[in-house]
Amino acid sequence: MRKVEMEQTMNKKSSNAQFQPLDSGLVPRFAGLPTFMRLPIAKPDEVDIALVGVPFDGGTTNRTGARHGPREIRNQSSLVRRVHHVTGISPFDRIRCGDCGDAPINPLDLNASLDSIKRFFAEIHILRALAVKGPVGFIHFDAHSDTYDSFFGNRYNHGTPFRRAIEEDLLDPKRMIQIGIRGAISDASNYDFARDAGVRIVFIEEFTERGPQSVMAEARQLVGENPTYVSFDIDALDPSIAPGTGTPEIGGITTREAQALVRLLDGIDIIGADLVEVSPPLDPTGATALAGATLMFELLCVMVSA
Amino acid sequence: MRKVEMEQTMNKKSSNAQFQPLDSGLVPRFAGLPTFMRLPIAKPDEVDIALVGVPFDGGTTNRTGARHGPREIRNQSSLVRRVHHVTGISPFDRIRCGDCGDAPINPLDLNASLDSIKRFFAEIHILRALAVKGPVGFIHFDAHSDTYDSFFGNRYNHGTPFRRAIEEDLLDPKRMIQIGIRGAISDASNYDFARDAGVRIVFIEEFTERGPQSVMAEARQLVGENPTYVSFDIDALDPSIAPGTGTPEIGGITTREAQALVRLLDGIDIIGADLVEVSPPLDPTGATALAGATLMFELLCVMVSA
Amino acid sequence: MRKVEMEQTMNKKSSNAQFQPLDSGLVPRFAGLPTFMRLPIAKPDEVDIALVGVPFDGGTTNRTGARHGPREIRNQSSLVRRVHHVTGISPFDRIRCGDCGDAPINPLDLNASLDSIKRFFAEIHILRALAVKGPVGFIHFDAHSDTYDSFFGNRYNHGTPFRRAIEEDLLDPKRMIQIGIRGAISDASNYDFARDAGVRIVFIEEFTERGPQSVMAEARQLVGENPTYVSFDIDALDPSIAPGTGTPEIGGITTREAQALVRLLDGIDIIGADLVEVSPPLDPTGATALAGATLMFELLCVMVSA
Amino acid sequence: MRKVEMEQTMNKKSSNAQFQPLDSGLVPRFAGLPTFMRLPIAKPDEVDIALVGVPFDGGTTNRTGARHGPREIRNQSSLVRRVHHVTGISPFDRIRCGDCGDAPINPLDLNASLDSIKRFFAEIHILRALAVKGPVGFIHFDAHSDTYDSFFGNRYNHGTPFRRAIEEDLLDPKRMIQIGIRGAISDASNYDFARDAGVRIVFIEEFTERGPQSVMAEARQLVGENPTYVSFDIDALDPSIAPGTGTPEIGGITTREAQALVRLLDGIDIIGADLVEVSPPLDPTGATALAGATLMFELLCVMVSA
Amino acid sequence: MRKVEMEQTMNKKSSNAQFQPLDSGLVPRFAGLPTFMRLPIAKPDEVDIALVGVPFDGGTTNRTGARHGPREIRNQSSLVRRVHHVTGISPFDRIRCGDCGDAPINPLDLNASLDSIKRFFAEIHILRALAVKGPVGFIHFDAHSDTYDSFFGNRYNHGTPFRRAIEEDLLDPKRMIQIGIRGAISDASNYDFARDAGVRIVFIEEFTERGPQSVMAEARQLVGENPTYVSFDIDALDPSIAPGTGTPEIGGITTREAQALVRLLDGIDIIGADLVEVSPPLDPTGATALAGATLMFELLCVMVSA
Amino acid sequence: MRKVEMEQTMNKKSSNAQFQPLDSGLVPRFAGLPTFMRLPIAKPDEVDIALVGVPFDGGTTNRTGARHGPREIRNQSSLVRRVHHVTGISPFDRIRCGDCGDAPINPLDLNASLDSIKRFFAEIHILRALAVKGPVGFIHFDAHSDTYDSFFGNRYNHGTPFRRAIEEDLLDPKRMIQIGIRGAISDASNYDFARDAGVRIVFIEEFTERGPQSVMAEARQLVGENPTYVSFDIDALDPSIAPGTGTPEIGGITTREAQALVRLLDGIDIIGADLVEVSPPLDPTGATALAGATLMFELLCVMVSA
């Protein structure tokens, strides 16, 4: 399930002077309301990229808590600064970016929540409607393929979203790659479905062998120049880095690798991105949410540089 | 929602020699599988009182985690011993008691779970069918009245169970008392419903004033000699004692008071009891589950002494 | 040092319809930005009572962290509801109340911070200027008298504020009472100063003996009908309830007692109140901040009922 | 097993000017080596009362960790100050008191440890040898009677010390009282032994009924004017106050009660005292060790005032 | 000291249909008693590979807690699934595997425990007696060589087991390799003993240089085709991954490396394996036990594939 | 700001027999006062290398707590042993080394603290005065360049020390290298200043590319044979390893890399070294302080081997 969406919009007409983070040389990082990256609260049509929370974990079959993710990521994102140290990009100087609040959800009703989340994003989508001309490409960082068919007789849960998305023609499986996949599985059906559909799965073992440069070269070729969506599940990271998640798998990627991967998205036509599965009740030091917030900043920088 | 049910059955014919806790002078408390109170695994029809888990928190509108409660209560219940230090009762010498496992639930479907839980207990109920002749009395220790009508358009959630139970004639509101209730409320409708139905609500302020003896004298008179169900929500306790729960309210009862209250149930015809809302992800030291396990033992002792 | 100020203002002219907490039946408590009690962000001149944070711990000689207090109290205050269960008061129906943000501070400069905090509140004070006609009465719940002269050669720190306030004629020591004081002291000078100035100190031992009713009767007589300020240091509570504070002292008051004490402020002309010394890095479960948030609600209810 | 011993010696000849705690107005409480109460390191024959650690938990049948107790109590005792707020006693002005280090122990050998601990204290005992004329009186605050005969075939463990002490004529059971005892027991043999020997057991229920004044009046009469030893097991406190201990029992005494109890030892001829069973690995906030350190200060004050 | 033993037996005659883990699509992972990998409880002679706990830390000279390891590894092993994602092996389809409980131990007596543990495993050994024809080969993943002679005058403790095992002809030092060794040492005697005996020590620095492939090629050649025992001490892993252990050493192996190492055991005649030193009191998030449980699954898969 | 200084002095005349760590085969690691590495307390002029704490975090703009660092590093350093496993160096056999206590600081006054810290070290410096002939070389492991000009109008804080040190001619920027730098920045001014002054900055990305050997070869050439100071900020490490620090940055160096880096300091004329920014309130498992203590031992070994 999605938790933190970053939707890119097109209208960069107006100035971005008012869409700046709080100045940490004037207002300490522990002061003020914890918006995403200390940005102003904004309406979707005021900004180029909307930072949005989706506080929902309704489809979780085991350890819940990701519903609290957006709030804690906002909290930890107070540590995010302005200028990328490698590229020198300061995204807030290039575009208008703001915290557009949380999508409405119903904690007691999975289907009602999916509907209200969809409506919420549809409003944002209006702004970029022309860009949507069919199923999009998909670059997916995750420990899990999430292409099972069902659990407990339920077809919409945290193990099935991408199978549904492929079936519903939202994603183009031929332009879809999953990176960092690992861990024993309940049965092989999810990989079978994905592979049969044409999805490229890069297990952690292959990633370890080849490294970020080689894997991302393949990813970039796969998605090409057409619109692509990026999803980063925090459990792609090793549990030593990201213990605060519902389904940790040992042997994950490091943050150094994750940052390299995200930076290599540079140039891809990213129409949206999300960062999901941060579960604060399982994250006593806040380290998982801090990693999530920092990776959101990295994603923002590549989206802006495009 | 229920998490740990203790269902009393009638057939005390056979010996209880085989239904003894592990001997902690031979097997240390940290060894062995953590069954409730280190009792043997048993089938419902083998025992007089079945200890059962209901690992479900599907109706929770805010902080989840109680689904993990039965497992952690079992874990902490390894510290429970055999003989009550005040009454000298050793329940395991009087009845056959065992761990009958967990009720089946579906973490993705509230209604399916309620059905399967109901069927599970119906099987146990067969054993005591004659005792069920209508709505039962109800003694309820809780911070919350849990008699709201609905949340998020949903009528079956953690804020509504006793309103539903009254409406469905499971509980007799005239023989129902709620003790320890406190905390600001969303609106007054829940108390209004309860009072209109005839439920007796004892706020914590009244309890502080009168003490356990006086309040329980009233409770005993209220439920009389007919069958009565007892529910202990762990959030009746003060959050300093029981931080591991979804909806903590400051100003709660102490464990000394809770033990006094439970012991004063002595003599009532208790046909079942539960201990609910222990949420281990919010309970870093395990203290909440330990309090829950110890109160289960207190409940067991009064059920046995009846 | 102050951390969470609640300043009462006078102009109740306009409607309070827009100053309502988020409806928790529509927006779950874990969603949305964590403002105080889920109230709207407001400017001081829009509201009758401004909820304000002062994220500052610059004068702390030992364990810091209270600078993070306002943010975490806001976070935990999502659990606060609308209607007081004893009095039935719904403060948000009576007055306009909002989150007016944090006072500006300089984490590297104690004196600069005191100046900017003073200026910030002076703006709010304009609204109630007529009410300020001299030193105010003061009801103080705390483990510590905080009337030392200096530490480390410094006269403005977390052990000296009320000595300074008396010396500067901000507080009237004859109308000042300190409740819950306890713990060994470095030397007797602070109590000597306070007593010589006419301050009434109620040690926890006297409080235990007499109870809230008797002590507050004395407090009410002492401050009379003139303007009075209320300060609640979270370390007045027992460390089992409020571990997240810099200077815990065992043997403190319980939340049941604290709620009784605050409710007995009813009828006093409270011109302002604060709740201080919540230190989240020392508060792993958030229990201290939750107690603080709930006591803020209790304070709000008595201020509104006046 | 003993963890923190405070042995009183007789020779008060020399000045105590050099045996003062670090001045917290000059050296912050977080600075410097964490000796007990920030006192100087001393040799037993230099001081009147020696503060000594016994880092041993070798006889523990379930949850260990008390071996780390002395170090963490020293750490938390940095918060202890000089002057008792009720009696005005400043023990360090009356006697020479110092940190005399830890008794030698062998973590792999229970019997060798008991021997080396005994030898260590014998050296201190030389100083007060004349006072030892037979079995001493004993005032014992604890959740557990600790008078079992054996566990796992072993007669020297954390459940048996006082039975051994009675059998070995170290304690006079007729002048022995145990206060705060509670919790279910493995079997009734320990209480039977204690009662048969003449030990007075005050269950928590009796204590709740009578209060500190009445119980301690009885205790004082029981031990009379002859030499008496005091033992405070931290698990006498409620687990909400002292979670960091191996065998927590709900329904314990509060710190307010504990302080009242200790202060009522005033006038008794206390020849030694200990504070035991603080287990830091089970104490995430350090609250248990802080309670222990503060109660050591209370004990010190009554020993000095005698 | 051993904590989790996995003993392989030979009789694969009967079907393994009844030795399947709980189906996580029917019974959620948080439900049910936490047996190893959710397998059925079994007797040793019913299964091919017995999963056994040894809840013992009696020989620990510093930080204890590993006695709680088997229970918490069982708890975390609820997250283990059926099919290895790289090899496709589903061990439960190939062999009969079950949870055979805990070896009996005496927490107060090191020698008695070693005896009872030995007798317990001897019963299992009967099943594979023919395979035991002399000292076995030994592949050891650890931070510590554990070949000291004695501590505190004691020759059987957590720093000496493999010296004893070599002296007692249980292990063949010529067919013994230790991988991941690191950290300063008390003195060089342990390495000297090991090297003189012919043990191959691979320090972490050499491992970093050569990588898993090269090191395991050497290990495989060393042990050859004869029976070999595998021991994995969780402190071989880096403390960022496995903080929950008594003797952490920085600079350890990652789980990606650990998984590669274990998979390269493929083809070796593994007659038994253990996973030791998980200490839950030092493991607040359960990450260490989860790593341990997952590595047990990896070990199981290579044992099955042989 | 500095927290743990290790100052090397020159007079190795006398024996080091009395400057040995406690023998962990006689006194368990959990016993005794926690001095650095269990060394004796010493005066600066008695030792060759003084281990000193500087418990100060006065210049911190966000998350404080490093004032508690020296105490917790001392605590965790009880796990440090005598002999380096790679080089075989036992530093305590070569030089006299002791715990020389904490530098005096004033927690309420940044400037007074800087003065008293300076005076404290000047006394130590007397011993090596001849070695100080001008600005020293500087090898700096850190996530942050710490060369900003000011924050909150303050020029002496945790983001500016090395700019000040260059301006004051304490460091020679041409002989200065910063390794591991990363993370977004508030503005580019700090890097600009550093580069303009001639400082060599090695971003983590370059380090990842080249590895410890190559980077340290450059560092050694840069500082040459003249006196060099080494500073290790614990936030150079990845937050998964060192969560207990005020300004964590994902993507940091591992302890294996850190150990390789420090060992490659071998042969440099190190005149002093520090290990800073360990913040225990943010370090629930103590892992950060343990990493710090172990790296101090590594630093000590290279300083001794010079």
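Just so it is clear, A, B, C, D, E and F label the chains in written order, and each chain counts residues from 1 on its own.
Criterion: a contact is a pair of C-beta atoms (placed from the backbone, for glycine too) under 8 Å apart; a residue touches a chain by one contact, two chains touch by 3 or more.
Not measured: the values here are computed from a predicted model.
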Legend entry - Partner chains that chain A and chain D have in common: B, C, E, F
Inset, instruction - Farthest from chain C by Cα centre, which chain is it? Let me know. - result: E
Inset, instruction - For copies chain D and chain E, work out whether under half or over half of the interface numbers are shared, and give different or same accordingly. - result: same
Legend entry - Rounded Å distance, chain E centre to chain F centre (Cα mean): 38
Legend entry - Approximate Å spacing (C-alpha centroids) for the pair chain C, chain F: 41
Legend entry - Multi-chain contact residues (two or more partners), chain A: 26, 28, 30, 61-63, 67-68, 107, 151-152, 238, 240, 282, 284
Inset, instruction - Please give all chain pairs that are in touch with each other. - result: A-B, A-C, A-E, A-F, B-C, B-D, B-E, C-D, C-F, D-E, D-F, E-F
Legend entry - Touching residues (chain side chain F, partner chain E) in the complex: 24-26, 28-30, 79-86, 88, 238, 240-241, 254-256, 258-259, 284-285, 287, 290-291, 294-295, 297
Legend entry - Partner chain A, residues of chain B touching it in the complex: 57, 59-65, 67-68, 106-110, 112, 151-154, 157, 281-282, 284
Inset, instruction - Going by the contact rule at the top, pick out the chain D residues touching chain F in the complex. - result: 26-28, 30-35, 41, 53, 55, 67-68, 70-71, 74-75, 99, 101-102, 104-105, 107, 284
Legend entry - Complex contacts: residues of chain E adjacent to chain F: 61-63, 150-152, 181-188, 191, 203-205, 208, 238-240, 243, 247-252, 282, 284
